[in-house]
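To keep things simple, chains are lettered A, B, C and D as they appear, and every chain counts its residues starting from 1.
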Amino acid sequence: MTPLHHATLGVDGTYPLLLGLWLLPLLGAVLCWTFGPQLKAAAGWLATGFLGCSFAATVLSWPAGTQLIGGAHGAHQALLSWLPGLDFGLLLDPLSLLWALVITGVGFLIHLYSIGYMHGDRAFARFFAYMNFFVFAMLTLVLSDNFIGLLVGWGLVGLASYFLIGFWFERPSAVAAARKAFVLNVVGDVGIMAAVFIIVAHVGSIGFGDVFAASPGFGTGVLFAICGLLFVGAAAKSAQIPLHTWLPDAMEGPTPVSALIHAATMVTAGVYLIARCAPLWSASPNAQLLVGSIGAATALAGALLGMVQWDIKRILAYSTMSQIGYMIMGVGVGAYDGGVAHFLTHAFFKAQLFLGSGLIIHALANEQDVRRMGGLRSKMPFAFVAMATGVVAICGVPGFSGYFSKDRVIYGTLEHGHPWLFGVAVVTAGITAYYMFRMLFVTFMGEYRGDVDHVHLPDWTMNLPVGILIVPTIGIGWLMFGGDASPWNRFFAGQFASGAPVTQPAISEGLTTWIVLAVVAAGIGIAYLRYGTATASADAPARLEREAASVPPVLANAFYFDAIIDALFVRTSQGLGRFLGQTADPLLVDGAVRETALSAGWLGALTRSFQTGLVRAYALVLVAGAACLIAYYALAPGAFR
Amino acid sequence: MIAFWVLSVVLIASAVWTITAQKPVYSVVGLLANFAALAILYLTLSAEFLAVIQLIVYSGAILVLFVFVIALLSSGVAPFAAGPNRMPKAALPAVALVCVALGFVVFAVTRGEVAIPPPPAGSTSALGPVGTADVFGSVGDFGKALFTTYLLPFEVTALILMVAVVGVVLLSGTAPAKAPTRRRAAGVRRELREAVVRDGEDRR
Amino acid sequence: MNALGLVLLPFAGAVAIWLLPRDNRTAARALGTLVALATLALTPAWATRAFSVRWLSRPFAAAFHFGATPLSYWLVLLLAVCSACAIFAANVPRARDFIAWMLVLEGSMLGLFLARDLLVFALFWDLMLLPVFFVLIGWGRHHGTAWRYLIYNFSGGLALLFATAAFGVLDGSTDVIGRGDVHLIGSWVPWIFAGFAFAFLVKTPVFPFHTWMPATYSDAPGPMVAVVSGVQSKAGLYGFIAITLAFLPDYLHQYAGLLVGLGALSILYGAFVALVQNDAKRIVAYSSLSHLGLIVVAIVAFQPLALAGAVLYMVAHGLFSAALFLALGFVEEREGTSLLSRLRGLGRDNPRLSGALCIGALAALGLPGLAGFAGEIAILIGVYQSGLVWVTAIALAGIVLASAYVLRMFQDVMNGPVSPDLPVRPDLTWREGLAIAPLAAALILLGVNPHAVLTASSAQSPPVATAAIEPPR
Amino acid sequence: MIENALPVAIGNYVGLSAVLFFIGLTGVLIRRNPLVMLMSIELMFNAANLLFLAFARAWVHNAGHIFAFLVITVAAAEAAIGLAIVVAVFRDAPFVDVDEVRLLKG
């Protein structure tokens, strides 16, 4: 079943830098884990340092990752033969290079931030061990040159996410959230596994290159099955409907975790997977329609739910879900560069937003309810600037990064012939603008409504990363400016060559931009009228309470997804388990065994009753036996001639 | 022929007497009569040596042993007595059924002509009047057969007798075996119960 | 020396330990560990050196023939590792007797795995039940559990013995394990197959023959369960591969549907029942039912990769269930209970204990990168390729359920607020940690590079494995 | 010389033997006194002996005599052992009744 020669995507060779950037975070994790008690506060610096080295190695790997020799794009490093016919290796091409840069770069900043944020926690070293381990796992995911390696990374990031969501494991809510996140992500893992089985059965290899080379030979059904199952994994990891319910709960973790894992990197793994498997998706219009629709639905649902949240991190969580919906929609319909672009900008502005909210939460002694904030602009001007740039960027205000990427996604839906998705995307953009500005206004405008007397301003380790992130939050989008001549398009020129054919939509790109901008402006305007004006902030506490009480139940219950999943799967499984464990196992299965044993005893009791101990009874039985024998001979034919 | 019928009547009557007599001693007397009649019947069958053995061994040895045992047990606390009949009631029809079955067999056998298979090979003396030397059934005839042809069964018999002797010595020669009868067990239980009750009353 | 020496070494160790003073726990443990480590160290040298002495010539030829096949070699290594760890970790009352019984268990199971003669195999099969029985009687909670274990498994052993005798009469020799040229013909053969299959299904166990297992696993002390669950449960699977698959492939093909059905049923049944158990050890017990069902499916899928995966997963399951039961044993020693309703929040004050349990739990739920995942992937790729798509789907559902019940077990013990009812105990001692560390290391190693096990076990054993996995004639 | 023929037809001996055996059997079954039971057993032995001798006479062959002799020996041994057991069991018993001895009750 081993193909004679593998079709690898990158240039084969030995790349020490690649190995270094991959393994350094693992080393950091192991050191922090092993020597945690000895390292104490130094653990944070150690982990951050290792990650910084990893980032540096990633940057230095740029030439290797973008090299183009004889059709092979990027660098390929063979590792080992994992199972017969299933080989592991690392692949650094523009796509994985981009992800690796974001993971190590943003990861480095968030590590730095965490040194301040997690200061004084009793499990400080453990936190950094988990964080470094997460980076290693995420790098495994994006650097793998094959589906099982990707699956390994996929599972390990799930584990890291589980550890970090449940980091404060003395809180029952955190424990429950961690378990939910892990189990739902295992559903996704299982989807990818199933896809791998089909792939191995048809290709005999798990390497991306082999699979993509063989993909033209797949039937439509096989292709759709593979894409659909892969998307189960993508949906679970990227919080797409209906596997999204873990993401809001995941905010139980420390805020830097939310920024790194549940905003910037891990949750975009689904986007990476689809972009990586672009040749498969491009060949399956059914899969494109399915994934695009689910992405759009998720974008809309996340935005709708984001409108009625009061916990600042849950607002950001639903916005994450919504924005990933955009990305999935983009890569799903075939606008791969658009979806990936939105991943890049989102990684920065969402990390920015989460770190900014972390500044507030840290300052207000772990207060997360925006109703108990307000008026923070004067108290925390730096946080305000940070949050405001993030909000402006996510809303797609021209000039800020989100504008460029979101525009590409929205126009991409039209280009690939999905006008309905275009409509959903535009509406969602408006809602996004509304609820993000709502958060901004409620948090920073008006009077302070909480009861924290002294605002605890964070130290430089927390402020510096936020400050640095402002730059790409504003500026990274300009890479995508300029159409085909933009640096972005040139960077990905060889990557998505096999994308679906682009049709010329009825309305031009300029017009769509204006439509989007109008909707966004409307959203901002409504938010301003409801929360930003002086009259609105005058009786803010009472108004917010009223508003909280009047949330429609369907939104308050998050479209009942939790309840439905609970009723359909959790309760059913538990009920079945209870029936089997408490009724079937002891009564039916073991009952049969016990009856067998008892019947032996019953037989013994029966024969025992013959043993009366009476000599005469024994004699009688003996005589009866003799009589039977005699009768047999007497009655047998010819006994007496 | 007349002797056969007379002896038959005596045999059956004495046998019935044996199993129905109230006292064991009467049974012994019945058995004695039975053995004696049987010995005479043996004589009519030209088995003079066995007739004598019958008298000596059965009447002389075994029956005397019975009488001794009767005397031994009678010298105990009470005359022979019996507890309640513990045979299950279901045994009665069973006994009846067995009787009918056996009776049927007897009836069938005596009614028909019993075919006598040809005699086995082997030398034996010719028939002659009882009391004559070396005729069929005489001491000489019997002895020759026993110590030549049937030597091995004879030796085995000796072994059986030896085992019996050893067994008897073991059974009755040691300390009196306790017979854990139900009645005694019930008595012991009753005593224990009474002792416990007394103990409880004392404490009170 | 040779394989016989390897089998006798633990027995000699047990005798030596019984000669020690009754209350000398330290010396007993040191000697026991030494013997177990010596067995482990000598395994590579001695296990493959065969020993054979003629035993019976009538009614069939039999020999005291010992020696590792490639398949049994890995199981012997697994046994040696698990036994050494369990003996080193043993901290039970009357430790001297316990450790001696552990060595008897190791010796009898070494005899089982190294036996090349079916009759010797059957005798060691029954012998390996006795130490467990005596430990259940002496250290368990209910005598009923011990009797149930013994009678249930002895009935399997009886079937095995009958089948072996019939096999010997038909073939003329029972000195066959590892030979590929045995072909049984006759009207008895279905019954021989039935006897073997019954014994192996009970020992594994597979639904519906599993009801002895949860009670046994929850009653016996942790170290003993670690070996019983980790290694003894592999005896049945080993028998399936080395005996049934090798000598009776036609019948295995004929009844493959039934066995696949039982295996699939075990996967789901064990998973669902584990979901709601209250005793942590019972959760692991039912998870074993689920995992071992998957291996049974893998064996009767008749696919090289699935079979290789089955071997890999046998080793992996041995390692992680040993780690889990050792860790749960530590929990039970500390808190006096393994009930989830009473345990809570141990992780705050026992981070190392938490880590030890965590490694086992993660391997059990098939975390990528650990050995369990490699086995599952290999098995399921093979099973899928053999056309059993619905079984693959069931196994995947089992994986999801596994994550749910394993996490529930782990989190309910280690996470949550610290319970005021539970006494605060010291964290994992260096001795306990050292007992679990080799298992964890092996789990990671096998997860990262499982190819080593597979090449060594599948390539070198054509008579055992690959010859029998051709499609039926 | 006397005639070769039996005094009466062989069937009469068989019938007489059967009746005697039957009476002995009834004795064993209905009596509870161990001594009488032993005597009944002797009756059965003798019934068998009668048959042996009748057939020996019919054939003029002394194998039947040898058998009868052996039966008598065994009967003697049996009586000795049986009586010893009776003495051992009932020496101290207030009742001489086999129904009172139920050591074999399961």
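One rule holds in what follows: a residue touches a chain if its C-beta (ideal position, glycine included) is under 8 Å from a C-beta of that chain, and two chains touch if they have at least 3 such contacts.
What you see is a predicted model, and the numbers here were worked out from it, not measured in a lab.
Chemist: Which chains lie in contact with each of chain C and chain D?
Modeler: A
Chemist: Give me the two chains with the most inter-chain contact pairs.
Modeler: Of all chain pairs, the one joined by the most C-beta contacts is B-D.
Chemist: Which chain's C-alpha centroid is most distant from that of chain B?
Modeler: Taking each chain's C-alpha mean as its centre, the farthest from chain B is A.
Chemist: Can you check how far apart chain B and chain C are, centre to centre, with Cα atoms defining each centre and the answer in Å?
Modeler: Taking the mean C-alpha position of each chain, the two centres sit 67 Å apart.
Chemist: Counting in whole Å, what is the centre-to-centre distance of chain B and chain D, each centre being its mean C-alpha position?
Modeler: 5
Chemist: Round to the nearest whole Å and give the separation of the Cα centres of chain A and chain D.
Modeler: Each chain's C-alpha centroid was found; their separation is 98 Å.
Chemist: Which residues does chain B have that touch at least 2 chains other than itself?
Modeler: Where chain B meets two or more other chains at a single residue, that happens at 86-87, 95, 102, 105, 109, 112.
Chemist: For chain D, jot down the residues that touch at least 2 other chains.
Modeler: Residues 25, 29, 32, 99, 101-103.
Chemist: Would you please name all pairs of chains that touch?
Modeler: A-B, A-C, A-D, B-D
Chemist: Show which residues of chain D lie in contact with chain B when the two form their complex.
Modeler: So the residues of chain D touching chain B come out as 1-2, 4, 6-12, 14-16, 18-20, 22-27, 29-33, 35-36, 38-40, 42-43, 46, 49-50, 53-63, 65-66, 68-70, 72-81, 83-97, 99-103.
Chemist: Once bound in the complex, which stretches of chain A touch chain D?
Modeler: Within the complex, chain A touches chain D at residues 607-616, 618-620, 623.
Chemist: What part of chain B is in contact with chain D in the complex they form?
Modeler: Contact set of chain B toward chain D: 1, 3-5, 8, 11-12, 15-16, 18-19, 21, 24, 27-28, 31, 34-35, 38, 41-42, 44-47, 49-50, 53-54, 57-58, 61-62, 65-66, 69-70, 72-73, 76-78, 80-87, 95, 99, 102-103, 105-106, 109-114, 116, 119-120, 122, 124-129, 136-137, 141-142, 145-146, 150, 153, 157, 160-161, 163-165, 167-168, 171-172, 176-184.
Chemist: Quick check: in the complex, which residue numbers of chain A touch chain B?
Modeler: Going by the criterion above, the answer is residues 612, 614, 616-617, 620, 623-624, 627, 630-631, 634, 640-641.
Chemist: Could you please specify the touching residues of chain C with respect to chain A in the complex?
Modeler: The contact residues of chain C facing chain A are 151-152, 207-208, 210-211, 269, 272-277, 286, 305, 308, 345, 347-348, 351, 362, 365, 367-369, 373-374, 377-378, 380-381, 384-385, 392-393, 396-397, 399-401, 403-404, 407-408, 411, 414-418, 449-451, 454-455, 458.
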